[in-house]
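Same chain, two partners: subunit A is paired with subunit B first, then with subunit C.
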Partner chain A sequence: MTPARLFLAQRLTALILVPLVLVHLALILVAVEGGLSAAEILDRTRGSAGWAAFYGLFVLAAATHAPIGLRNVIHEHTGWRGRSLEIAMIGLGLLLAGLGLRAVVAVVAP
Partner chain B sequence: MSAEHTGTAEHTGQPSPPVETSLSVEIWRGRDQGRFETYTVPQRASQTVLDVVTWIQRHAEPALAYRFACRVGVCGSCAMTVNGRPRWTCRTHVSKVADDGRLRIEPLRNLPRIKDLAVDMTPFFEKWQRAQGRFTPTRSRADPLVAVSPDSPARKAADAGIECINCAVCYAACDVVGWDRDYLGPAALNRAWTLVNDERDGDRRGVLKAASSGGGCHSCHSHGSCVEHCPVGINPTAGIAGLKRRSLIDMLGGDLP
Partner chain C sequence: MIRPSRNHPGFWAFVAHRVSGVALALFLPLHFLVLGLALESDAALDRFLTVADNPVFVVAEWGLVTLLTIHLGAGLRVMALEFLPWRDGRKGLIGLGAIAAVVVGTIFLLQIG
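And now, the complex of A and B:
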């Protein structure tokens, strides 16, 4: 992928993540302050297409955003670069997506 | 380790004003391995840092290596690190930068050292070429001149960056250049931006492609050190932002990969 495409992908996913992260953090505070139990939370999320879409998008955006940024950090601050770094970062993205989507399924699957 | 050298002004036969104050000047001697040596230099009115270095070379340290040519801020040869900041020494007044009468002068950052204050500018100019920072003509001398409107937005953008003197102060000031050996740097990308906006250039798409490929404009973090230090007041960060914008537009339009 060209640097321009990576740049665009990182900026677009950042734009997506900003509101999602804010809602996610607010949600944690509301759930904790409201004294909801895990069972009560799962009652609300299971079978919800809305929460599945919200956290599914969150995971995919984070799994795209993070490896691009980490790739730049590694490229600038270590001697690691080239094909092996690209493959490792694709692997990281797939790992984040896999773990994240697994968690989403666990929370929203009816 | 440092050594102390003391010198006096050359006797010219002309009455000269009495030297009332002096500067303590530390200068890097050697290549990568070396040391600072300290020289005591008479302070003068309207003295530049280049004047100080030249005084030391003429009166105290004939073997001191440094580079200069025009002495008037045109050629871009005399940039050095002065009290931690890259500067054009011929136009930098000692009174503006001396810290309590002390100067510490080193070679520019981010470039291979040759000896003392002289650096090898080869990587700087090689990156200039990698960014395709060269004009591609479309006409011969037999053709009439192209009429370029000075009021067009593209010409204004080009004019804003055209006065670069290739001094490499921005290249030395840039943190990304220090981190990423592939990064083309502010000067080369600024030059590319002027060409992308030059309607006479015959390969503007090629320039944009070169300037947005690996190590190009998308590696810039927009820290703005180049803007802060550019001695002629150019804003390379703005030009690089323009390259980012233009490359994304062309990419989405299918004109760039």
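And now, the complex of A and C:
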């Protein structure tokens, strides 16, 4: 992808992530009261199409956003450049998307 | 004389945005793996959550919640600078983000404690 497209993808995913992170933070602050339990988490998420969509979008946006950001940091602070960096970042994105969607399935599948 | 850019709050907002972003990117795979334990069994996830009651984990979780708020605040600032009309009081955005991170971190500790 061209730098301009990466920039655009980074900002677009950031805009998607803003409301998702706000809800996630609010939920964390409410849910941690008195400690977390698997039952408490899974009662909320299992079988819920709404949470599946919420976290599915969250995972895909984060899996796009994080590698682009990390690529910028590596690009600006180290000498790592070129094809190997692009491949590593695509790999990271796929890893995050894969592990993330697996986690979504783990908590929402009935 | 050229003033070192490090004296500017904007430099520290930039550093905070970068450091929090890298930390969150490194944390994400672990977060996903832990949630994936629910595929195995509810008990497997519960076993981890019991270990996570340990004060070391609580401090780490507090750090992550605070970092997420810092990254959100710093990211909103970047987009405000890029896309909104230029105006005074931009340093105020940094303060606002920092205060939000402290508030969220404090509520987290009060709730979990």
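Please note the rule applied: the second predicted complex is superposed on the first by the 106 of 110 C-alpha atoms of A that agree within 3 Å, B and C clash if a C-alpha of one lies under 4 Å from a C-alpha of the other, contacts with A are read in each partner's own complex, and residues count from 1 in each chain.
FYI, a contact is a pair of C-beta atoms (placed from the backbone, for glycine too) under 8 Å apart; a residue touches a chain by one contact, two chains touch by 3 or more.
Since this is a predicted model, take the numbers as computed values, not measurements.
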Subunit B versus subunit C as contact partner of A:Leu36, first or second or both or neither: second
Which superposed partner A:Ala62 touches (first subunit B, second subunit C, both, neither): second
Subunit B versus subunit C as contact partner of A:His75, first or second or both or neither: first
Partner chain(s) touched by A:Ala106 [first = subunit B, second = subunit C, both, neither]: second
Subunit B versus subunit C as contact partner of A:Ala49, first or second or both or neither: neither
Which of subunit B and subunit C A:Leu6 touches, first, second, both or neither: first
Residues of subunit A touched, compared between subunit B and subunit C (which is higher): C
Sites on subunit A touched by subunit C in the complex: 11, 14-15, 18, 21-22, 24-25, 28-30, 32-33, 35-39, 41-42, 59, 62, 66-67, 69-70, 73, 92, 95-96, 99-100, 102-103, 105-107
Subunit A partner contacts - residues on subunit C that touch it in the complex: 18, 21-22, 24-25, 28-29, 31-33, 35-39, 42-43, 45-46, 49, 52-53, 61, 65, 68-69, 72, 75-76, 79, 82, 104, 107-108, 111-112
For the subunit B and subunit A complex, residues of the former touching the latter: 176, 179-180, 182, 212-214, 216, 218-219, 244, 247-248, 251, 256-257
Contacting residues of subunit A [partner subunit B, same complex]: 2-8, 72, 75-77, 81
